[in-house]
Amino acid sequence: MLTRQKINASVSPKGSLETLSQREVQQLRETGSGSVYALFRQCALAILNTGSHSDNAKTILEAYPDFEVKIHQQDRGIRLELINAPADAFVDGEMIASTREMLFSALRDIVYTQSELENKRVDVDSSSGLTDYVFHLLRNARTLRAGAEPKMVVCWGGHSISTEEYKYTKKVGHELGLRALDVCTGCGPGVMKGPMKGATISHAKQRIVGARYLGLTEPGIIAAEAPNPIVNELVILPDIEKRLEAFVRLGHGIIIFPGGAGTAEEFLYLLGILMHPDNAELPFPLVLTGPKSAEPYLQQLHDFIGATLGREAQNRYVLIPNDPAAVARHMAAGIKAVKQFRRERNDAFHFNWLLKIDESFQHPFEPTHEAMAGLNLTREQPTHELAANLRRAFSGIVAGNVKAHGIQLIEEHGPYELRGDKSIMQPLDRLLQAFVEQHRMKLPGGSAYVPCYRVVS
Amino acid sequence: MLTRQKINASVSPKGSLETLSQREVQQLRETGSGSVYALFRQCALAILNTGSHSDNAKTILEAYPDFEVKIHQQDRGIRLELINAPADAFVDGEMIASTREMLFSALRDIVYTQSELENKRVDVDSSSGLTDYVFHLLRNARTLRAGAEPKMVVCWGGHSISTEEYKYTKKVGHELGLRALDVCTGCGPGVMKGPMKGATISHAKQRIVGARYLGLTEPGIIAAEAPNPIVNELVILPDIEKRLEAFVRLGHGIIIFPGGAGTAEEFLYLLGILMHPDNAELPFPLVLTGPKSAEPYLQQLHDFIGATLGREAQNRYVLIPNDPAAVARHMAAGIKAVKQFRRERNDAFHFNWLLKIDESFQHPFEPTHEAMAGLNLTREQPTHELAANLRRAFSGIVAGNVKAHGIQLIEEHGPYELRGDKSIMQPLDRLLQAFVEQHRMKLPGGSAYVPCYRVVS
Amino acid sequence: MLTRQKINASVSPKGSLETLSQREVQQLRETGSGSVYALFRQCALAILNTGSHSDNAKTILEAYPDFEVKIHQQDRGIRLELINAPADAFVDGEMIASTREMLFSALRDIVYTQSELENKRVDVDSSSGLTDYVFHLLRNARTLRAGAEPKMVVCWGGHSISTEEYKYTKKVGHELGLRALDVCTGCGPGVMKGPMKGATISHAKQRIVGARYLGLTEPGIIAAEAPNPIVNELVILPDIEKRLEAFVRLGHGIIIFPGGAGTAEEFLYLLGILMHPDNAELPFPLVLTGPKSAEPYLQQLHDFIGATLGREAQNRYVLIPNDPAAVARHMAAGIKAVKQFRRERNDAFHFNWLLKIDESFQHPFEPTHEAMAGLNLTREQPTHELAANLRRAFSGIVAGNVKAHGIQLIEEHGPYELRGDKSIMQPLDRLLQAFVEQHRMKLPGGSAYVPCYRVVS
Amino acid sequence: MLTRQKINASVSPKGSLETLSQREVQQLRETGSGSVYALFRQCALAILNTGSHSDNAKTILEAYPDFEVKIHQQDRGIRLELINAPADAFVDGEMIASTREMLFSALRDIVYTQSELENKRVDVDSSSGLTDYVFHLLRNARTLRAGAEPKMVVCWGGHSISTEEYKYTKKVGHELGLRALDVCTGCGPGVMKGPMKGATISHAKQRIVGARYLGLTEPGIIAAEAPNPIVNELVILPDIEKRLEAFVRLGHGIIIFPGGAGTAEEFLYLLGILMHPDNAELPFPLVLTGPKSAEPYLQQLHDFIGATLGREAQNRYVLIPNDPAAVARHMAAGIKAVKQFRRERNDAFHFNWLLKIDESFQHPFEPTHEAMAGLNLTREQPTHELAANLRRAFSGIVAGNVKAHGIQLIEEHGPYELRGDKSIMQPLDRLLQAFVEQHRMKLPGGSAYVPCYRVVS
């Protein structure tokens, strides 16, 4: 293992809007596993690790075992004292401004989530209660801007992609920015960074100030996909389902770039929602794109959707290979339709209330071996439910690949087993194999990918 | 009764930061007495009545019996539809911007309070729980600014004062503004307006942008003391005790101008707190001032404090008659000491956590005839508790004078009776008599003041 | 004579945009009468005297004989060292921000004027050359804002008016500000301050940032009419004719309040221009207004215009006594027409190029006794030329009343003599008599007014 | 020749501060070679050509022979009508904001220069007169910011460099931006773009708003080195000597990246100035840097300086190969020393008055064949004069390579001839040969480089 450079520092909240009550500060001081402090420490470490290239959560957490963060109340608000922090987050001894901001964003969201749960305010038993929770958390994070024009484009795709694919995402981001569109991603490296970087340049060219680079993450993924420093709004949702719901309710359109199991999960989640009969009329621009070199990948994913969910699913998105300007133009036109639709239906620009999300998409899926084995992957269910179950399968695979808890489960019990109809399982197996062959599920650092699942036909 | 000009209008949230969930909108639509809607309607009417000169809550509410406000969700956030609204809030058919802002501030605070109570989040049984509640409400209203310098001066005094007294408050405000200090008041007319108006001019002279004119009110008082349109931050606290706590935790210094029973209540509240042994070391600049013509009044109030609470209480404030520049200089110097103290003790500039407020000051005092009659106004208690009880006595008198519920109680049961030690009751009676003679408790409109209390020796 | 409080101070250019070349600094250091330095010293003294109430230029200049201002080049630009400066410009030893800004504005304009003249850049022999000069000076002062909406209302009237008239100008300013209009005046006290003060309050109510309070002055008048500190843009034009041209080319509408000879001069100047045949189609909102108490004055002025320039002249303005809201509404509607007209004719919003100003209005009028005696005040000329000559007559009277040079001339040679047609001279004499009776030409300080002119019929 | 896409458009001055007088508009309308219009048309075409990759001025001008730009006065200021403009400057039919801004900057500078010359305001016969001219032009362009901290880093180097060199300049720019430094370049592609692009990203990470990307150019070079669209301040100086003076008086430090003859010219110009005895004490951070692959080049340039100007010249700069962070740290530290020095000497942060520039560096060098042949390239002169003559030699070579007029001269009369001491001519010849071998003087498009000079020993 590398010896890492470490630094001690004290961070004042310059420019941060966050204030805490004495009680909140007190809670954050109470250490112990499962405590608010443990959660904050983990997120803070990921944020400080922002330039790093490892995407194995365990690796990062283990690399700084003696990292500590202390919270102090002081005259101008909160001060954070960092002990044994990764040195990369600093320039000549001073913390990069975006990193400092993100630390306080993490503080804000973790304190809020904790307080909501403690006070049993969230109605976890109803779909509308869960949506309300997402709304309240985003509102508290000042993510919802009354009066802002619809222009938030969500970009999904892999955090570990080829150089050509990365450059392509920058170009698409550049074209989005030229058209004054904002970018929202999962806030890590790869596809989560490229479009933001491209848009930063074109927003500068267009003299746009106040452009938004929104990163949505959750505690389980943040360590593996450290927020890139272009992100100027970071929100930490409590779990993967809330995060996905935040993406689709905030975004006015979504672009899918090449990626691995995580990207497939997101794509299936969205298709499952859009295919719900209640959403039949709802405009939602969705583009599948990538550079010339990724065309086979795009085609394969497209075919997989066709084979499992059918033509109807394919109709909800457009495949635009290797044409950044065309992607941006499609998005701009699609968002115009979204604007028109919401105006007519009196729906908010800042939150897609009209989008129906079935409760089955909202509850956390705990990828135990039993749960994975029990997934209904047959045709004997409505298509949007099949999409939900396929999404769960990919969710489990992501957990087994990169999340601390998932990796541990696989280490203990071996790979997950997946069962279902042959006409579904065969395309699934082929897609997953292709991902492996294209190194889309390989971890950086050179270690060969050992699949965390087994398709049992 | 006058026929009032009325107008129908639809108000968009231009510049407002507020967003509501569908559920919150739904709740606001449910009418009925005691409902969230009823509360909002009442506050909205007071805000729209901003230029008016009546300070009788009943009068205002009765003048617009058919006023309605409807809340709609729409593309850019919330839209308010106003029916039969007072025409004075509009210029050539368009609502004055500050009024529009205040409507949305009221919406924000009422929704927040409702949600806190509904979810039983407030720990009303502990002093720290109540302080937390005030903190959370102010934080939600974005009143707490991490990183801002201490410079908030609270001005207390009557809403119905003489022209000379009003001009004097403008001069003091002008001197405060020249020294880059902000102004916080109870947000109505009179002393609540003058300092803000004076400071607006001097802030312009000093090229200060972002100056704060903070108004703190509560539903029971807002109708009688409609927010003046200089206020650029309005917070509606749920009751009078939360409002008083907000004043003393937000303000970095307080100026007492001439006023009636309400001013005396505020003054006693603050003295009771500052005399608590725990606050002995805590710096808190406090000035009693007024123009030349108010000198007898100031002297009488000063003597009353001496006679009832003693020299120790007098030592917590400075009497500076007729010298606006000296008042502002004293305030500026005092706030410098506050800044130094908080820096040393690591207390926040934006919230005075170190100030000890005894629980007896935090619980609402319900001025029933029994409660008023039962007040312990004897010397057989610590001085700061005597201050608390005297404050309650004045609180009851204010309610009997201007609050809808209090006026009704007096109409039904006759004046309150107050009992206690002669050495306390005599100065109290003299002070109240003087208030009456100086027309400090007379309602505008020419009606003679009929006391709502009786001192029983 | 009063002993005045004096102060020494060093002023840094915080927020100032001005930079000077080494040569410009050098020039400003060369003292001697008639030098750039002497001019700057005089303007600086007037600016520092901002709160003072004397309007006799000689008095002010004589009160601070040992005042000096030194200009230093330094790291962050220019630093001014002030010696024996009036203490009123400082609060607790620090200069008021607006005063500091105005000092640097004076520096900017004086350096610019000097440089233009030195380089013989101004074509003083053609009307278009003189207009160009005004344009260039205003552009250099950043007064011309490409892209800004037309909303600049010029307010003309006396600097020494009654309390009731002053309050009325505040009310009109308040109504203008409520309608988002800006205010431009001659930047002294009285009518030059009231509308700005009123608009400051209403701009605050309307949450307007970046409102403009533009003061136009010239070296001969600045000492007598020190800029009030609300002014947030100060421009010093080189002489009275350039200043008048600046008013009418920048303003989108003009309001005439009560005043004395100076106001009459301005009114006649404008009527003379508007009556030029070339301007017959050009919309230019012009209102004559004042409080109830000023109605006789307004009527008399109105009658004087009728008697000398006729009905046609009266048709170019509207008389609206005692109705601030109506004045503002008329102005708002008139400016809408101006906007429409300029759009159609492709004229700039920021500079009224289409307004024809006859060269006779552009050349400085030197009010020697010969020139005054030689003025053609007969009907044997086109009406707009008669207006020009009447304007010169009033200009001479203003000089004799308040300008250093004029006062001296009168002291040496006795009053000016004015001659002309009886049908013109009689109304003129009546008007001037009325000004004297109404104390509109009386200097403050209690000294009775001794007329500086004599009407010779 | 390619057929180019062309577009007609009308551009409004959104966000532009520029206003023009009617006379200035009139002048711009007068066509004819050598006219203001011709100059503006040429600059406008270069600006619109911003994304293009040809750097042959003739090519660009010839590619759009029917390009026209018409200037109209209108309500909100100036409107430009573009006919047959390059389509690349537009996104979906709308002009990129930075391009639009630059058009108006060009207008501003060309009008200003024209007016100065027309009025014979520039004292071209004295060194201080020429410096004043540069100062006035920069002040008019609002480039001089009183009160701003010293942080402007000038980056010099080739516009046509290798991919590795380009990436290296981005990294250096990124490190500069992380340290809150601004970037100034000659505003074309290559080294003129890379550092700005890198800094844009790191300024975003550091949440710096108002960062400056300053481009200085001149009419003779702009067509060959079209301003890149990151530039957010463009200034067009009248000729190459004014431009060089602007660089060294505005910049607080300079970085030399790999380049060809133009870069050598700039380097020699600066060394010649810094070696002037009057500048011996003056701190001026100067770094020669490049990526690993450029080390031989850097070494050769370093050796050339040693061989011709000696060790003393080498002491005025630091050679830092392949270490972006070290370059930025050196610059940050050096600028700190500059700040200290100017504070002590009362020199402006925004303009380096204390830097002595010998008049021989200020006069335009007209690279005729006679002038080139007559250059004194011997040791019989002070070293800083030798530097001046070497700089002229390179200036001629640049003209022969890329400037319209120079190319034509070479076409007519064959290559320039250069003569001098062998100990100077040999290193010079070797350096130029190396430039050719390294393709540093090759034009893009594949045409082999034909030298425009001949060293005659």
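The chains carry the letters A, B, C and D, assigned in the order they are written, with residues numbered from 1 in each.
Assume a residue touches a chain if its C-beta (ideal position, glycine included) is under 8 Å from a C-beta of that chain, and two chains touch if they have at least 3 such contacts.
Protein identities per chain, from UniProt: A, B, C, D = AMP nucleosidase.
In this text the structure is predicted, and so the values were computed from the model without any measurement.
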Path length in the contact graph (chain B (AMP nucleosidase) to chain D (AMP nucleosidase), fewest steps): 2
Distance from the mean Cα position of chain C (AMP nucleosidase) to that of chain B (AMP nucleosidase), given in whole angstrom: 44
Chain A (AMP nucleosidase) and chain C (AMP nucleosidase): spacing of chain centres that average the CA atoms, whole Å: 63
Sites on chain B (AMP nucleosidase) at which at least two other chains make contact: 15
Touch relationships between chains, expressed as pairs: A-B, A-D, B-C, C-D
Sites on chain C (AMP nucleosidase) touched by chain B (AMP nucleosidase) in the complex: 15, 91-92, 96-98, 101, 178-179, 197, 200-201, 204-209, 213, 229-230, 232, 329, 332
Touch list for chain A (AMP nucleosidase) against partner chain B (AMP nucleosidase), complex: 13-19, 21-23, 72-78, 119-121, 128, 132, 135-136, 139, 142, 144-148, 339, 342-343, 346-351, 353
